[in-house]
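The structure is given below, and queries will be raised subsequently.
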Amino acid sequence: MSEGNGKLVWIFPDGDLPPAGEPDLPLEGHESLIVLNTGDERADIEIDVYFSDREPELGLKVSVPARRVQCFRVDQPLGDRQFQVPFGQYALRLRSTRKIIAQIGRADVRQPNLAYYTTIGYGCD
Amino acid sequence: MSEGNGKLVWIFPDGDLPPAGEPDLPLEGHESLIVLNTGDERADIEIDVYFSDREPELGLKVSVPARRVQCFRVDQPLGDRQFQVPFGQYALRLRSTRKIIAQIGRADVRQPNLAYYTTIGYGCD
Amino acid sequence: MSEGNGKLVWIFPDGDLPPAGEPDLPLEGHESLIVLNTGDERADIEIDVYFSDREPELGLKVSVPARRVQCFRVDQPLGDRQFQVPFGQYALRLRSTRKIIAQIGRADVRQPNLAYYTTIGYGCD
Amino acid sequence: MSEGNGKLVWIFPDGDLPPAGEPDLPLEGHESLIVLNTGDERADIEIDVYFSDREPELGLKVSVPARRVQCFRVDQPLGDRQFQVPFGQYALRLRSTRKIIAQIGRADVRQPNLAYYTTIGYGCD
């Protein structure tokens, strides 16, 4: 049994859902959270969503199987409670039962061409 | 009471305000500093702005409430002294009373389409 | 003999090969893995490729000579087994015999203009 | 006297100078290395440039004054020996006498619109 690489807690301060954009574009505007579990046991994760002007939404449950990478679309209902992250500034914290590595990406199609950005999160234990 | 995640000091070497761009674009060119406080006490932060050719502007005070994320536009007057960061190269250091996580982003609309970039800062204690 | 800088293990959660794009564009859509070996001995590296819906492809062998940087195109056959990473979500883990530093980049030319992104990996031992 | 924040060694695996682009564009294609010295003594830095197919160019000397941020254009002659980094893959290592924080950025104007990318380096001692 391998323990897996990474950290138990991952933080992404800067979330801000872009508009989906026109339906005929090759890519829809969105933000995605990518989680890799290199270990041999399932990682159970609670996602906390922070806002500027209200209390956080805590403990949205997702999981990543052993030896798998999973993509969670943040513009779609998230976790066991199917929470819809609203437009506007938000931040994410992941708390996992197993070590994982997490990265976030944004694809913005507001203007005629795609703009991307990505960052590996801030990881801690 | 939860202590909150992150570090007390955050550094962003590469700041350079883009022009605001044409008024009819869907997004204004700007740089934003995003700070997340996951702890249960307010984080009082001093922002130091460094330049290439003059002494730094030290100790611009801002704060982030408990369990909140805040966005500080760097192209607008900043902190308690409402300091206007000039165009040209600058760098930021944040010194916080509580652990925080900080990220910076630039949206550049100089050409017909948006260009983005983001990075989580360099965190230390 | 210098030991070289960096870490033995590097992880990139978010891989997703973009289409190559039209043949007349100045740059082909692709993802590249860049590995720097600052040490005085060759780094032998095993690349593990993770997926969402199948077991990982483990132990693709590559190497980076002493005091060299190497670029590995992820859209082209990879490693000693010449494994072709398929379209769709994937993640990478590098395990090296010597300390290295690794970074990944994507160039997306799906829309008329280039979109870039890059990140230095998550490094651990 | 304040010691300054950061690390003594910074590494950037993925350098690749973009073409300068057409002369009438609002921004020239280039790569820039940004170094912040928050300390009260000058940081003397040696830049090592690594390549894919030849020995590295070691010890290009630059310095950053106390409490200043400096931008070094990598597409222009670099350091005391005014070394011209060629087109193609390269990597950078900075070795400093004082703690610093370093970030690299690329602005690519090959296609009609700007593409950006940035990353804070991998820092170690």
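First chain written, first letter: the chains are A, B, C and D, and each begins at residue 1.
The working rule: a residue touches a chain if its C-beta (ideal position, glycine included) is under 8 Å from a C-beta of that chain, and two chains touch if they have at least 3 such contacts.
These numbers were taken from a predicted model, which means no experiment stands behind them.
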Topological distance between chain B and chain C, in contact steps: 2
Fraction-based call for chain D against chain B, same above half, different below: different
Most widely separated chain from chain A, with each centre as the mean of CA atoms: D
Fitting chain A to chain B on CA atoms, where both chains share a sequence, rotation angle to nearest 5 degrees: 90
Between chain C and chain D, centroid-to-centroid distance (C-alpha), Å: 22
Between chain A and chain D, centroid-to-centroid distance (C-alpha), Å: 31
Residue numbers of chain B (touch at least two other chains): 112-113, 115-120
Chain-level touch network, classified as line, ring, star, complete or other: ring
Residues of chain D defined as touching chain C within the complex: 9, 11-14, 48, 50-53, 55-56, 89-91, 93, 106, 108, 110-113, 115-122, 124
Chain D - residues contacting chain B, complex: 5-6, 25-27, 32, 34-36, 38, 67-71, 101-103, 105, 109, 112-120, 123
